Structures are given as C-alpha cells and as structure tokens.
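These are the structures in question, set out in turn.
Shared between the two complexes below is subunit A, which has subunit B as its partner in the first and subunit C in the second.
Take a look at the complex of A and B:
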C-alpha cells in the first residue's frame, strides 16, 4: 500500500531528466569526406570558366554587409548561375554551424566566409578545397602580401582574401583636445596619456579591455612575438617569448592600475562608451571605420585615425581580424563555386561594391592604391583621409606570425585563463601561462605534437 | 490504495493470459514511437558516442570507459556541478517559499485585484528565457544600466552584479523572477481543490487563518511541493541560458565550464570533443535522475499520513 502514488510520473520525470540532459548536447557525428567535382575534362581556370558558362546553383554563407549587392551584380553578369545567399551568423556562430554540417556530411555551403585566424583550423581538417587545383595561385599578384599570406597555409591556397585588418589607433579627438592630450606615438606616451586622462576624468578611459583573445594575440604580434609556431601537426607554444613579455610589461600597468574600462567589447555599453567619450582610443583593424559609422553615429566628427604606437619609434604593425572566402570541400560543384569566389574577391566590380556599399577595407592592391580610395575623406572622421593612414599601416605588418590550428577552442577558453588575470586586475603573464598549459594539453589530446616552452 | 483491488481481480484470469494480446500496443504505439525516437534513441546514441574518441588528428577510436574515467577526475566538471548544487540549495528554497507565499496570499480571498496579481506574477514565465536574460543583463550593467544609476545614487560602486561574488545571486535573481509565477500557479491550483467543508469545519472549531494554513493548506500542498522541487532540481542542474547569455557581459567571471550544461556545450561546439561532451551529459543525467528519484520517493513517503 505504501508509495502507491504515481509510479508512472516518477518514471517519466526520471526519464525526462535523463533525456533532456542528454538531448541538449547531441549532434550529428558521421564523418563524411568531400567528393571531388565531376569528371570535367578541363582543368584549372578553364574548368572554372566552363562551369560559369554552364551555370547552376550554389550556396554562399557570409555576414558581409555588402554581400547582397555583390550577389545581385554577379547574377546579372552570369545569368545562368544562381547564388543562394545565407547569413548563418557572425564568425563563431557561423563556424559552429559550418563544422556541424561538415561533420554531418551534408548541409554545408559551397562558399563560406572564414576569418584568417580560423583558416588553418579548417584547412587542417581538410574541409576546404585547395584553390591551386584551379590555378588560383596565379592571382597572387592581385593581392597585398599580408592577406595573401593568411590564406596560404602549409603550401595550400585555402581561400581568396576579402578584406584585411592592418591595425591602427582610432582616437576620439574631442576627448584628447578637452584634456590636452597629444596623439601618442610610442607606448610609453600611450600609458602616460592613459594616466593623465583617467586622473582628469575618473569616468574616462584610454581604452577598454576585459580580455579578448584576438586583441591580445594581435598586440603580441605587434610587439614582435611569435607565441605559436606550427609545422604541420608539430606545434610549439611559448606565451612567454620576448615579444609577449614586451607586450605584457607595457600593458600590465594599464590592467593593474584599472586604467582600462571594464566594458566588454561589442556590448551595448561598449557602443555607448565609444559614442560618449568614455573610451578614448581603439586599437583595432582597418575594418573598424564601417562599424563606427554605422553603430556609433553619436560620435560623428569626433574620431580620427593614427598609426599604432610603437615600442621604440620604428613603425611596426600587426593585423587584427579580416576575412576570406573559401570553397568548402563538400561542395558538389567546386568549379562553379571557385568561379563565383574568383569574381567575388578578385574582380574590380565586386571589390568596389564591397568598399562602397559596405565600408570595407579591401585586400587587392588595385583597390588599395586607387586614388578614389586613398582620397576618400569621410565626414565621420572630420574629413581626414583615413585610408592613407590605414594603407600605410599595412606596409609595416610584421611577417611570420601565426595562430593555432585549433584557434576557435583557444579563444573559447581565453576567459577561463587569461580572464582570471583581468578579473583580478593582476599580472597577465600568470593568465597567459595557464592558457598555454591548457592549449598544450588540448593539442596533445587531439593528436597534435605540442610542446610548451 | 488501488493496488489491493488489482490483486483481487488478477485471480482467475491466468488462463486467458496465455496467448499474448498485442492489441493494447496498437493503442500506445503513437506514444511509444515518439518516446523511442525522441527520448530513448538520443540516449542510446549518446551512450554509443561516449565510448569513442574522435581526434582532430588521428581519427575515431574505441576507448571503452576511458571518457567516464576522465570525467570522474575532471576538476572542471566537478567545479561546475558544485556550483549548480550551491545554486540549487540556495535559490530553490527561496523561489518556492516566495511562490508559496504568493499562492497563499491569492488564495486567502483577502486580496483585492486577485486576478491582476495572479497574472502579473505569472507573466515573467511567459517571457522567453533568452529575452529575460537580456533584459536583466541590461539592468545589471554597471556602466550605464540601472545598476549604474543605483550606484550613482548611493555615491559608491557597491552593487556589482557581474563580479565573481555576485554572479550566482544575480543569476538566481533572474531565475527566481522567471519561475516564481510558474510554481505559484501549481501551488494555487493545488489549493483550489481543497474541499471547502474543511475550512468550514476549521472555522467552527475556532481556527484562525494561520492555523488553517499550517494544518490544512500546507499538508495539502505536499504533492505539489514534491513536483515543483523536482522540476526545480532538474532546472538548476540544467542551468544554461542565463549564464550563457550573460557570459558576453561578464566574460571573465562566467567560465566556459560555469555549469555542467555549458561545459558540455563548449566541449562539443568549441572544442569538437563530441564524445567527451556526451559522456558529461550522461554522467550529469544519471546524477540528476538519482537525485530526482530520491526526492520523489522521500516526498511520496510523507504523503501517507
């Protein structure tokens, strides 16, 4: 007689508990290889031209603002080709979907936007088509060397560059003028300006930083560090090399002294802080003007662009962000996908739409050197010819820097490790060391040979 | 209570039972198909996944119970489990107590505008969890949000919803706000089925309102309390939406393994460790089921008065 109540409910609750927990994390997991496209007799560029002439339908995933206009122009030029444009989310959101589709063996697009930092990850997993098969290595001359290097990994060509992100210092001139701050040329001057500004107005900060893996790795790059070296599956990680230490030595006082605003990037507060003078500078990629103009309208006329501060007066620069488009191996019509890609990122028509409609910073030498581009003087930046500063900065980018072939994972645990240093306003080196340890462990678990120094 | 009669009617039917009659299955088939496809199949698939390890380099290999051994030693997993347990022990009693008080107040018939309060308390439950987290995230903002205004008013930076010592109460506050109304409704429904004769009898015996609550209403709510407790335990162990959305606002305080579900999610979608994520999910499912079972059986026992 005892406990005769609702055994079915109990069982159901138990089953629900287990079922829901597990169901929440399920994903498809049949590994599927890509198939190479048809038995076309033609090879290389000829195959691409033939595919464009023949026509067909392809899918393109991107979050580029100008994509709609670009696709419309493409379909007008090649009426037999239909491009299905999908915004599958911005960066990590898209990569997650892309990885799932690749793993599931179907559902991936033919062409997808992939940032430079993530190209090695997809290339290594053999998810992308080596565009050398279509003779695209001959397009090298069309691009600036920085972005071209970003899509060339392990001797393969895994995408065509769309934009590029040589770094620059964006600063709020109104704030600088109010507090009598001159534009810093060296990092010493930058740190001094940070102190002066915050002392004059406790609500104003030189910049914001709550720990961002892209930002930190770019800053290490600019300081001459090469914390990750990758040769195939052999990886060495040294987040205590001389460049990294040079950066942390300069940046630690800002974090420890609470001289950087504790406002996470890309949050509502952050946009507001950029608009009202709370954040006085931004150290970021050359694609930033488009973002400022569209999302920080309040500050029109306040912002200017200057070269990145340096350590010893010699101009050096790094890149931050920037995207390419790649052909996914799963594509059933790789030649056509490559044809679309070639037009998208290598034709004058498409690149000029990208620059004009989307406010993008291009990667082709032709667009970068056109007088139209260099002489543009947007009102938002008080009529400053900002592209001249940005293009000049692209020339000083240090070669030889690379990220990890599992950078997405590395970014996801940045807050767990380096974030702890930020949360405690303490030495970043401690956080970087624990980041390194977890990255070494993960890499070895995943079958790489990783050495930590 | 009904088991006795079942036992009696069972005798004398043994002969007819020899040929199994499958017709009954046809009636439960619609349920069974969905049950097998949506609940049993994913569980089995997760169990299958958890026995392998697929590496970025080197491919897929059968590893037996190695993933489980790793999970039991995984300090990140235990830390996340400890965190949601702490959350459970503090937040659930507060939420259920508030819901109980609200239900009793509505039931007392001394409240004007009863239906307004009932709907107002229930309304947050109708707000999607994602939206709720975004609304609260905005109010918690200590730069420009409501919190900043409060701090300005107080003249110092005291309220810090996103600091490491405040973050659990901050999330608990959102969850309480969201689910108090839902639990209140369950309690309120249970109170509504109490026969009014009991109240009349109590009144004749000279019982006051507090005595009626203690001797009639609360005992009648035991079943509802067990159910809401079980749902809340499951909810706490599955905590995901709120911390995951607030992570962009407190990236250094909310880790990638803040709750077991977040850990499993990040393992699979950021780390490509689908097998290990499945293992974590199964271990967590078993723990949840065991605790839910204990609460259920203990709760039911006290019902036999």
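Take a look at the complex of A and C:
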C-alpha cells in the first residue's frame, strides 16, 4: 500500500513543477522578447524604429474602450510586434496593481494608462521611463499645450497624452427652458440659477456634488488657485490661497444651502438623474459627450455645451480628467514599448480610432483642428457643434497648476476630511484645512519636505 | 441541535422566576420572534433586491422603484447579455472560479483531513507545537497575509497565474482544527487498534474505516472551504492583473468599476444579473450539503 503513495507524490511534484513552469513562461511572456532595444549604436527615435522593425512582445494595461481596436490596427501595421492587452482595472484599481508590481520588482506591464493627476506620483517615484531618452520631446508640436504640460514633470517627459479634459459646462436645455433659466456666464449667475431652479422644483438641482477630489481641485484650478506647488521633494501646500478662497466663497452657498444634489458621481442614481433632469448641469471634462451619448440615452436632444462660467467675465478654464500612457521602467524592452506608445498616441490612425469609439476628447492638435472634428454636430446635442465650444475652452486653460506627488493618498482621504463638510452642509474651508493638515503630515512622513501655509 | 436549545434555555430563565413561568416565557418569545423577523428581513432583503433588479434592463433600472419590478421582464435577455458580453468573459470567469474551487477547496479539504486525522490519532514528538501553530493560524485572517504572500509569490514569479490563488487556498487551519477535533471523537482508537490487529496497514485503515467515519466532518470542511474560495475577493484581486484569470468576484468588481471616468461604460444590469448567477451555484451547494453540515457541526462541538 505504501508504494501507491509514491506515484501520487510524484504527480504532485510534477504538478507543482509544471505550475512553476507556467509561471516562468508567463513572466517570460510579459517581459517581452529579446534584450533591451537591440540597438547597440542607435539612440533616440532611431532605436525606437529599429525596435519596431525587430519586433517582440509587450504588455499594455489600459481600461480605454478603444484599446482593442487600436491594438488590432497596430499589430496589422507592425506584424512582428505582439501587444498583450490587459484591462487591469479602472484607474485606482490599476494604480494599486501597478504599484504592487513595481514594488515587487516584476509583473508590471511595458506600457500603462495613467491619468494626468497621477503622473507626478509615478514620475517622482522613478517608476516611469523619461521619454526624452527616445527623443520624444520633439513630438511637443503635435499636442495641445495643456495635456503636454500634464506629462511634463520636473523637466522629464513621462508619457504621451491620450486624451484631454478641458472643462466645460454641460447643461440640460430642456430643464433650463422649462424653468426660464438663461445659460449662466458668470458664477454669480450660476448660483442664482441654482436657487431659481431648486425653488421652482425642489427635486431638481443645478448639479450634484458629494465631494470629489478631482472635481474640487479642478474647480480651484479654474478659480486661479495653485494650492500645491512642487519643486522636486520640496512641497508647499496652501489650501487657503486666494484662488481656493474664491472658489469656496462661490461654492459654499450651494453646499450650505443644499442646492447641489447629494448624489455620488458615476453611481446608478447619478446616471438616472442625468437622464431625467434631476441634475441640470455638469461641470466636467470635454470627454463627457461620449459618456452621455452611450449611457444617458434617455436625455438625447436635451443636453448642450457652454463654456465654464467665469468669476469676472474673463474666460478661464481648467482641466478635469484625461489620461496618458507611459512606459514603465521595469519594461525589458523599453524601445519597443516607446514605439508602440508613439504609434498609439501620436499617429493619426490610432487617434481617429480613439475618437470614433467615443472614448474621449483628443489631445493632438491635428485631431483637434480637423474640420471633420470641429464641424461634427451630434444629434444628441441638438445639432450643436459642441467640439468648437470644447476646443475653444482648451485654449483658456490656466498654466501652472499641479497636483501632489502622492495624489492617490490625497484622494483617498478626501472623503474623511472635506467630505465631512459636505456631509454636514457646512463651510468647505474647514474641510480643506483638515485635508491640508493631513497632507502635510503624510508628506513629511514619506520623506518630502512639506510646508503648510 | 435540540440539545443545544434545551441546554441554553435554563440559563436565560434563571434570573427571575421559575414559578411564574408562563407569562415571562411568552414575552420572551415575542422578543425573540421580533428579533428573528428583523434578522430574516435583514438577510432576505438584499437577496430580494437582487432578484427583482435582475429582471430590469439598464434603462428600467434607472426609471423604476428599486424594490419592485420595472416595466419589462428582461431577466432572460440580461442573462443572455451577461454570457455574451465581451466575448463571453463571464463564462470564462465562471470556469476560473470552478477551477479555484475544485483545486483550492478540494485540496484544502484533502490536506485538512489528512493532517487533522494524523494529529488526532497518532502520537509523535512536536504534536503540541503543531497544535499551537494551527491555533495561532486560525486567529490570523487571510486578508492580513495577502500582501506578504503577494510579495513572496512575486519573487518566485507565480503572481498572475492560477497558482497564486490556488496555493494559498490550500491552507485551511480552521478546517484542520475541525477535522482534528472531530476525528478525536468520531474515530474510536479501539477501532483502529482492532484494524491493526487484523493486519490492515495504516493507509488501508484510513481509507476504508476512518474516512467513512469522518464523512460529516469532511463535508463540513468542504462546504466551508468551497464558500471561502468561491467568495474569495481580496487575494485574487491583488494576485491577478490579467482578467483572463479572474474569478467571478473580481470580474464583477471590474464590471462595476467601468461605470466611472473617461470612456465610462456602465453595465449595471449585467453586474446585478451576474451577481445573481454567481450566488446560484453556492446556494445549490448549500441546500444539498447542509444536512451533512449540521450533523457535522453538532458532532464536532458537543462532547459525548
């Protein structure tokens, strides 16, 4: 009887060994074919071209819906290159996995989608490849200045812009017409419209806001605030600067007066409220039309686009959302990864696939200025040439705004600090102060030199 | 079960009145009744919500009251969509979950049975140390070990493979402990001695005698590990980055998350229908195995 165990043991050992081998091949797969770039003498763009010609396998993490079609088109153009497309999760989920893999030293993709707000975090942690080594700084002319600024941190170029999110005010014209509200041009008019709408229909709100760090920082940006200034590891945080105060002074009455709907963004309730007129405006990035068209079908014909309201009549704008793709330093074939990235975000073919899929608002000047794009008059928006409004808005984005190199952490504690002000319908400044205090403490613990003002 | 209820009752009665027994008992049962009703509602409510809302299309989800049926009955089209969305990735995830359950929970039960039995029925040096380690392991939640396990697996290149989920699932300290306690009582040492006297080898004794006596205990452990592996979320979440290896739990999470941000594609109706279909097999498993489970629990917990 004892003999009968041996084959079992052997089987188990074989199974384990096979498992280890599967693991090994998978790792081999993700680390790509061949050694670094295969360019002994070539540098810059030449090395990238050589790597594309030579071929190999790379892994690309993204949650962009257009990615499948983009990768298929790329592989058709460069048959020797195989791109393993992985949806490793939407934003924060992906970043957590990316950070884990980077910390563990293996398992990270060659190219990954990273939103602009998080680029500084990965760049300063030296997790990304500075694309200047491949001469990609010469691509600057191809992009709008806003998104280009977002991928340029501390003198390095850490990714190529995929889409961009200059803000605009999306408004439900049917609701506005029903209650006789004119499209607000200034924030004073906006607040007045909020009061008028909610008084006329207690179930209707000018917008929804339950406290979202991306939204709040974008609004501060639009008010001219620069609460975070980052120079290397020296950081100054001032969430009470004049721009921030300008924003809270304007926005506080809406929160304190319960004039904004307490509906969390992106929830099923929120989609519902966008469709039935409960939420009358959205202050968000120019990528929103695609989402409205595909997921708020009920409101087709109701929505229009207008420039962001201003504080004093001078048009100013900020950005909200938008992603870039970056080459991860762990990549064993950085030149090939860079080659894929260049095609992905800088070729006309790829960008038009991206725009057609409704994935977002482009960032290349070629796409932004094409007459096809500018003259598009989607029926969903009542035939309005929305891209002209959005492109115009992109020109007014204030330069010089930046986020923290530990923005993911900052976002994660926003609800515990500023969120409390929202929950109590009270002064946002109190919440912002406690957010600042925690950010200063955390930054100093992490080895930054952080001063709070 | 009955022994438990009967022995519990006198303890509650003690402060007050053995004499005026009728009225307090009735009042007490009303309180208990209300508590049970509240608890039943609490448990059934989410399930009811899930079933009702699985019959709605996405548009109807947005336009109808959450706790009652919407305009149309779209359960079947929802199910069809769930299975066909993204080239049938749901079925793929279903297969992965089955894989993890069969090898993870099956393996964990096997290991727990063999080890628990061995510890219960054989005397060898170091037994007490093992006992201490197992007891200690019961106290540590798997979630706390997920990150160290991730770093360990990463350094041997096993992350993002099914092994990363199966191997940690193989260890069930609680299952081992349960079998150990169960085997101590359920398998009389005299019986083993008799078998040895008759010349049966240890393995034959285990497979022909002990394994049958251990039946209820094994089913209990199997059920516990199946549920644990089926519902496992955190471990696969951090171990796997490739959706082709996701189990249902993590896959549904990804579907849910794609409702937000640039290029958002909300599929709330599929998330809900998918969740409903995810719990169906586990409910069936429970219904079939629960009688074994009850007898197993009672046998393990009451000293005869």
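To be clear about the criterion, the second predicted complex is superposed on the first by the 413 of 453 C-alpha atoms of A that agree within 3 Å, B and C clash if a C-alpha of one lies under 4 Å from a C-alpha of the other, contacts with A are read in each partner's own complex, and residues count from 1 in each chain.
One rule holds in what follows: contacts are C-beta pairs under 8 Å (C-beta built on N, C-alpha and C of every residue); 3 or more make two chains touch, one makes a residue touch a chain.
Just so it is clear, the model here is predicted, and its values are computed rather than measured.
J.: On the A-aligned overlay, A:107 touches which partner chain: subunit B = first, subunit C = second, or both, or neither?
T.: Touch status of A:107: second partner only.
J.: Can A:287 be said to touch subunit B (first), subunit C (second), both, or neither?
T.: second
J.: After lining up the shared chain so the two structures overlap, which partner does A:272 touch, if you call subunit B first and subunit C second: first, second, both or neither?
T.: both
J.: Quick one: is A:297 in contact with subunit B, with subunit C, with both, or with neither? Answer first, second, both or neither.
T.: In the superposed model, A:297 contacts subunit C only, not subunit B.
J.: Looking at the overlay, does A:125 come into contact with subunit B only (first), subunit C only (second), both, or neither?
T.: first
J.: Please work out whether A:416 is in contact with subunit B alone, subunit C alone, both, or neither, and reply first, second, both or neither.
T.: Once the two structures are laid over each other on A, A:416 reaches subunit B alone.
J.: After the superposition on A, what does A:88 contact: first (subunit B), second (subunit C), both or neither?
T.: So A:88 only meets subunit C here.
J.: Identify the overlap between the subunit B-contacting and the subunit C-contacting residues of subunit A.
T.: 1-2, 4-5, 19-20, 22-24, 26-27, 96, 103, 266-268, 272
J.: With touch defined as at the start, can you tell me which subunit C residues reach subunit A in the complex?
T.: Of all residues in subunit C, those touching subunit A are 59, 61-63, 150-151, 154-161, 163, 201, 203-204, 238, 241-243, 253-254, 257-266, 268.
J.: In the complex, go through subunit A and note every residue touching subunit B.
T.: Subunit A residues touching subunit B: 1-6, 10, 13-27, 29, 31, 92, 96, 99, 103, 124-125, 210-211, 233, 261, 263-264, 266-269, 272-273, 278, 405-406, 408-409, 411-413, 415-416, 419-420, 422-423, 442, 445-448.
J.: Using the touch rule from the top, collect the residues of subunit B that touch subunit A in their complex.
T.: Interface residues on the subunit B side: 1-4, 38-39, 42-43, 45-46, 49, 54-60, 138, 141, 143-145, 164, 223, 230, 234, 237-238, 240, 247-257, 261, 264-266, 268-272, 274, 277-278, 280-282, 284-286, 288-289, 292-293, 296-297, 300-301, 303-304.
J.: Considering the complex alone, what residue numbers of subunit A touch subunit C?
T.: Residues of subunit A touching subunit C: 1-2, 4-5, 19-20, 22-24, 26-27, 30, 61, 63-66, 86-91, 93, 96-97, 100-101, 103-107, 109, 163, 165, 265-268, 271-272, 275-276, 285, 287, 290-291, 294-295, 297-298, 321-323, 357-360.
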